[in-house]
Every structure is written in C-alpha cells, then in structure tokens.
Amino acid sequence: MNLPRRALAEFLGTALLVAIVVGSGIMAQTLSPGNIGLQLLENSTATVFGLGVLIAVLGPISGAHFNPVVSLADWWHGRRDASGLPPKNVAIYIVAQVAGGIGGSILANAMFAKPAVSWATTDRSAPHLWIGEIVATAGLIVVIFCLVRAGRAAYAPVVVASYIGAAYWFTSSTSFANPAVTIGRIFSDSFAGIAPSSVPGFLAAQLVGGIVGLLLVAGLMGQTPATQQPP
Amino acid sequence: MNLPRRALAEFLGTALLVAIVVGSGIMAQTLSPGNIGLQLLENSTATVFGLGVLIAVLGPISGAHFNPVVSLADWWHGRRDASGLPPKNVAIYIVAQVAGGIGGSILANAMFAKPAVSWATTDRSAPHLWIGEIVATAGLIVVIFCLVRAGRAAYAPVVVASYIGAAYWFTSSTSFANPAVTIGRIFSDSFAGIAPSSVPGFLAAQLVGGIVGLLLVAGLMGQTPATQQPP
Amino acid sequence: MNLPRRALAEFLGTALLVAIVVGSGIMAQTLSPGNIGLQLLENSTATVFGLGVLIAVLGPISGAHFNPVVSLADWWHGRRDASGLPPKNVAIYIVAQVAGGIGGSILANAMFAKPAVSWATTDRSAPHLWIGEIVATAGLIVVIFCLVRAGRAAYAPVVVASYIGAAYWFTSSTSFANPAVTIGRIFSDSFAGIAPSSVPGFLAAQLVGGIVGLLLVAGLMGQTPATQQPP
Amino acid sequence: MNLPRRALAEFLGTALLVAIVVGSGIMAQTLSPGNIGLQLLENSTATVFGLGVLIAVLGPISGAHFNPVVSLADWWHGRRDASGLPPKNVAIYIVAQVAGGIGGSILANAMFAKPAVSWATTDRSAPHLWIGEIVATAGLIVVIFCLVRAGRAAYAPVVVASYIGAAYWFTSSTSFANPAVTIGRIFSDSFAGIAPSSVPGFLAAQLVGGIVGLLLVAGLMGQTPATQQPP
C-alpha cells in the first residue's frame, strides 16, 4: 500500500474511533441520565464493536494502529530486522492519528447538534488513574505484539477490541491507552471527555505503559530474532 | 443461484431484519418502560445478533444485501468489470427488499398482538440526524466494500453486524442506514418507528451517505481494477 | 461415535441448556427484582454464551441437537440420501433430550436451594405467543439447515447461539423453540418457567414452525439432491 | 517454550485475570450502586472479554491454564501417553498461579486507590453454593478437554470465555471454578471478594468438580488412547 492511503486509513480510523467513543458517550449520557454504570456499559459495548470493525476493515491498508504508542512500539519492536515502521512513517502516522482524533470529536459534536468544539471539563488527574493508564497501555502492547510474534495477527480485530472491552472496566481510568484518542477527547465536553489539564499525566502514563509492555513482551517471548519475517 | 431464490432470500432477509428491529423494540419498550437507554441496548443487542445470523445464513444465496443502497453500490462498484449486480437484478432486489421491509413490520405487529399496521409517529426530522444517517451509511459502504476488496468478504456476518452495533450508539440517528428498513419502520407505531414525514430526509441522507462511502472506498483502496475477479 | 455416547451428549447438553436458561433466570430474578427488561437481558446473554459452548463442545459427538424438532427435521431433511438420523436414533435422541430437559431444571433448583421440583405457574397461552413460537422455530430450522446445505455447519455454535440471542427479544414468546426445553421449564416455578397448561400450545406451535422452516429451506436451497454428502 | 517463560505467563495471566474480576467488580460497585444485577452483568461482561484475550495471547506460551484444577487435570488426562504436564511442572504452575492470583488483587486495589490488601468479608458458605462450584468446575473441565480431544483447542479462547460468561449467571456461586482465583479474591474486600472462612469449602468443591469433569470427559469421549498426540 502506498503511504498516502495508509495515512488516510490512520486518519479515518482514529477519527471514527474517537467519534464512536465520544458519540456513544453522548448518546448514553442522554438516554440513561443518572445511571453512570449503564452509561459506561453502553459506551464500552459500542466501542468494542466499533474498534473491532475498524481494525478488520482498515488493518489490511495501514495495520490499523490508530495510536501513537502502537506506532512507536512497532518501530522499536521491529528495528533489528527492519520489520517495523521506519521513523519517517512513524511521524506521518502520528500526525494523521492526532488530526483524526481531533476530527472525530468534532464529527461527534456535529452529529449530536453540539458546538463544533467544547473543551472537556472532566478532571482525570490522580495517581491511581495514572496506574490504571500504565496497566491499560502495557496490556495493549502485550496483546498486540504477543499476537504478532505468535503469528496470530489475524485475530487482532477480535482480540484487541475485546481487550479494550475488559480494560474499560478493570482499569480505574477506563483505559484511554492512546495519546491520539486522549487528545481528541479534549474537544467534546461530554461523558468521554478529559480536561486539558489532565492530559499530560495521561500521556506520560501511556508512554510508561508502552515501555512496560515492550519489556513484558521481551520477557514472555524473548528478544526479536534478527531473521524474523515481518507479519 | 437462480434469481427467484435470490429474490426470496432478499425478501425474507429484509423482512426478518425489520421484524428483529421492530419486534425487539416492542419487547424492550414493554419490559423496560421509562428506561430508554436500556431499551436501546436491548434493541441494538438483538439486532447485532440477528443481522449477523441473516448474513451468515442467506449470504451464500443472494449476497445478503437487504438494503437498496448496498445493491446500488454493488452495481456501481462492479460496473467496470461486470463483477457487480446487473441493473435488472438491482431493480428486482430493491422491490424484494422494500416488500420485505413492510412485511417484517407487519409480522412483528402480529407477534405482539398489535394491529397489523399502525403508522409510526416518531418524528426524526432534524439536520443533525441527517448528518448521523450520512455517516452511518457511508460507514456501512466503506465496511462492506473494503472487506470485499481485501478478500475478506467471509468476515461480513461478524463485521457488518458489529458495525451496526456501534452505529446504533455513535450516530445520532441510531443508524437506520437502509431505505428498505426505513420504509418498513413506518408501519409500526413503536420504539423503532419513524413518522412518514421524516422518511424523505432519511432516504436522501442515506443516498448521500452511499456516495460518500464509495468515494472513501476509492480513496482507501484505489479504483476497481478492470481485471478484478468477483468476490 | 457410538450411540450411547451420543445419547449421553444429547442428555447432558439438553440438561445443561435448561440449567443455563432456568438457573440464569433465577439469578436474574434475584439480583434485578422489578426490572424485567434487565432480567431478560441477563437471561438471554447467559443463554447465548452457554448454548454456543454446548454446540461447540458436544457437536462433534452427537451433532448437538438438544431439540426434538431439530432431530425430526434432520431425519426428514436427510431421508432421501440417508444423510439424516435414522428413525430409531431419532427416538433415542428425543428420550435423552426430554430426560435432560427435566434433569436440567432439577439441577438448577438444587444449585439455587429451591425444592427439587416446583411446578411453574407462568401462563403463556395466547395466539400471538403461538405465532411467536412458529416464527422462532421456523427461523431456527432455516438457520441450521441452510448452514448445513451451504457447507457452513462449522459456524453453527456462533450462528445458532446468536439466533437465539435475537429470538429471545424479537419474538413475543421469548423463543422457547424446543419441545424438550419447554417440558423441562415446567419443573421450576421461576423466571423462565411455563405453566403445564400452556405447554400443549407451545409444542404444537413448535411442530408447525418446524414444518414451515423445512418448507422455507426447500424454497431457498431447492430439494435435497439424492447424491449429497452428509455434512 | 522454556519453563521460566511459561511460569511467567501463568503468573501474569492469573494476575491479570484476578485484576479483571476484582477491578471490574470495584468499578461496577462504584458506578451502579444498589443495582446488583447490573453490577454482575458489568463484571461478567468484562471477565468474558478479558479471559478470552488472556487465553488467546498467552495460550501459545504456557497453554493458558491460570487454574490449578486445570493443570492437575492436564497431568491426569495426559498421564498415559505423556501428553500432559509432568508433575514437576504442575507444581511450578500452581505456585505461579496462586502468586498471580494474590498479585492481581493487589494490583486491582492499587488501581482503584484502595489499601494494598483488605480482607474480603463476603460470606459464601452454603451447600447450594458448593453444588454451584462443583457444576461450574466440572463444566469447565468438560469444555476444555472435550475441545482438546476433538482437535478444537484453537477455539479455546472464545469457548472457555463464553463458558465463564454463562456460568457467572447459571451457577449460584457465580462460578469461581478456580482455586488460584479464589485465593486471590480473599485479598480485596469488594464486589468479587470471598471471606477467608468460605475458601476451604470452595476449594473442596472445585476439586470434586474437577474429578466429576474428568469422569464426564471419559464417558463422552472414551479413555485417552495411549498413542494420542499432544494437542
């Protein structure tokens, strides 16, 4: 696949992922007022379905990262045998992902007749939430790269979506686990939003989680062999 | 497969799809009064299961379109290499689908001891709902034709059903995304109904969404090669 | 597989199916008092998961019918080319299924500290419920035999379980669709129970549904070829 | 795979399984106060997703037992043809699993800003709950070893996770079915906790269930052939 199409897939995939998270959050908040547990169940169910679809549909084009931590980890994990993304492509992917994340929030706002941009006000700054994000992101990296290393990347749509379905509930942060999505969620003051002041802590925790995840992959699967074929 | 059997499959599939949407809507409204969020969760869960089954079971017979926009897009997308539906078959499919959509509503009414036909009164006319329908239908076309182009049409039962499961929640219109289903939902004044006066706006938005979807498919996958094999 | 093992699989599978339906019904009733919609969602979700597992695990042994209508339809559908169950085996299967259905109710009662047998008192006698059962059973037969005819029987665990997940909600009867399960559900006076006086109507509707289903299969797929290989 | 990596996979898998069960239990309790049915639905949904992911990701490394009863049954079931775990590995697996179970509870407590350890106070001592655990564990063993014997072990992530999704609801004990998880759930006084005094009864019932399960496998599939290949 050529690079512009791959960048389009990353832009579109991240935009739709954020539109799904934010849009279903607005719908849940509107239809289940006062019942936050049910709202999160509606929000997480929609996200599981939507994320699985996006990976199944766009995976053959761009690999369906939709996530700067995944793109960075892909470069790092495959640096020895050149099976990963080259650094230039990592940069292009990240730009497309962040732009998509912001665009997705604006699209969700438009679909629900809200101002194109409203700054989120949900404060998510607390050490236990950062622990949650570290666990969520480390788990995501373990899931993706253990699948790849075991030759099971074809299962990624179901497995990664299911992982997020669990992580929404078992991590205290509801598992953002994605810097582009985190930035996108600044732009809608609704159920899934995050106040700008809480973003740096989340981004830092996600990067730490990415590193922890790569260490666990190495512990579980051993170092990448230099002769490994790209998946 | 011969054409009468394919038309029967399109009729039966669309009828059962509408019976599932309308019937589970009536059940949800009856069992969860006053809790619209839970009603939509029950309605969308039943639809995901049912739609996936219909595609898995009837796909080998007719392709399991159940949707005039999909049949039109199939003709357009495959017009260069004659891999799509010929125009005559498109017309037969659409007649079968619309008849099925109406029949499905009547069947749901009969199963729940309601008058065979009651005109829906739910007003769904608003620009932000039309944006929702454009997004919902464009997404559906991207999902189907990117799968087909990537040789992954066998995953359609799970992926298309999951897409609708997400779109129920992340689009403001709850994702009708289907003219035959939209027309069918006129005929039952219940949870899933749509007032006749709101139908033209939805149909127009669905057609626009279909075109947007085909443009996105071309952007993501390139033009159809003239030598492509039909899937 | 030898016949005693197949009969054991049919007995055990039907028993566990009824234990799942009745047991999760009791759990739902206990934990979500007054919220019938949520009870049915809990009940149907547990049944989807459990039924899929039973078909996946016991299918290789007995074919995982767990349902006299399915065993009868299997004999009828395969009578021309001897690919179906022989009549003697149909009789053995049905005995095992009905015994299993009763045993499953007793097991559920034991797990929830209820009397071993309590006669259900839920009246389910009404013409619109019988229409629901006809639709539910016809749909089940269409699903199973269209899959078999299309060489897709390996998908049965997911597709049949999903079908029941939809039919719980879109049919007015909540889709018993199974005489052995219907008889079993007499033996526990709880959420999933059915009063003995309502059983004959349900059984008759299920037989009618089975015949309608076989007619639809013939319409969709044509008559069974005499040379067809058993699946 | 070498033994240290396998032990790490068993430790990590059991830890994350308990973190999922306990963490999503705390989240459910916090967001859906007073609605125990909805709490259990949230808890069971997260567990289904998470358990399936853990088996898919770690199965190729260690077999993804995460459960002393499964490791013991694996040794017993494969003792004739040496296809099972050797006794030394069983011991190492069990130590890793129990340590993981405890670690997972502590991790969940940390993510939700609770004391690292708080002794659970939920009393779960009653004969009908022990019947539930026997059924739950016997069912788990039947599921796993019938899949293995039928050459369908590749379906284990979906089938085993689905089984637990049903067993959460149809057994009165909510299906612990795992001594390592049972011990881990002592360490967090929250929704999924179990008082230490209730643990011996649960462990005994799980061992009985394991034996019942192996007997049923032998009845359904026959004795293990001495020449069978390891799966």
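Letters A, B, C and D mark the chains as written, and numbering starts fresh at 1 in each.
Note that in this section a residue touches a chain if its C-beta (ideal position, glycine included) is under 8 Å from a C-beta of that chain, and two chains touch if they have at least 3 such contacts.
This structure is a prediction, so every number in the text was calculated from the model and none was measured.
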Going by the contact rule set out at the top, which chains touch both chain C and chain D? none
Taking all residue numbers used at the chain A/chain D interface, answer same if over half belong to both copies and different if under half do. different
Taking the mean of the C-alpha atoms as each chain's centre, how many Å separate chain A from chain D? 29
Euclidean distance of C-alpha centroids - chain A vs chain C, Å: 40
At least two partner chains per residue is the criterion; list those residues in chain C. 35, 38, 41, 45
Going by the touch rule set out above, what shape does the chain contact graph take here: line, ring, star, complete or other? ring
If I apply the definition of touch given earlier, which pairs of chains qualify? A-B, A-D, B-C, C-D
Quick check: in the complex, which residue numbers of chain C touch chain D? 5, 8-9, 12, 16, 19-20, 23-24, 27-28, 31-32, 35, 38-39, 41-43, 45-47, 49-50, 52-53, 56-58, 60-61, 107-108, 110-113, 157
Could you please specify the touching residues of chain A with respect to chain D in the complex? 35-38, 40-41, 45, 48, 126-128, 131-132, 135, 139, 142-143, 146-147, 150, 152, 155, 159, 162-163, 165-172, 216, 219-222
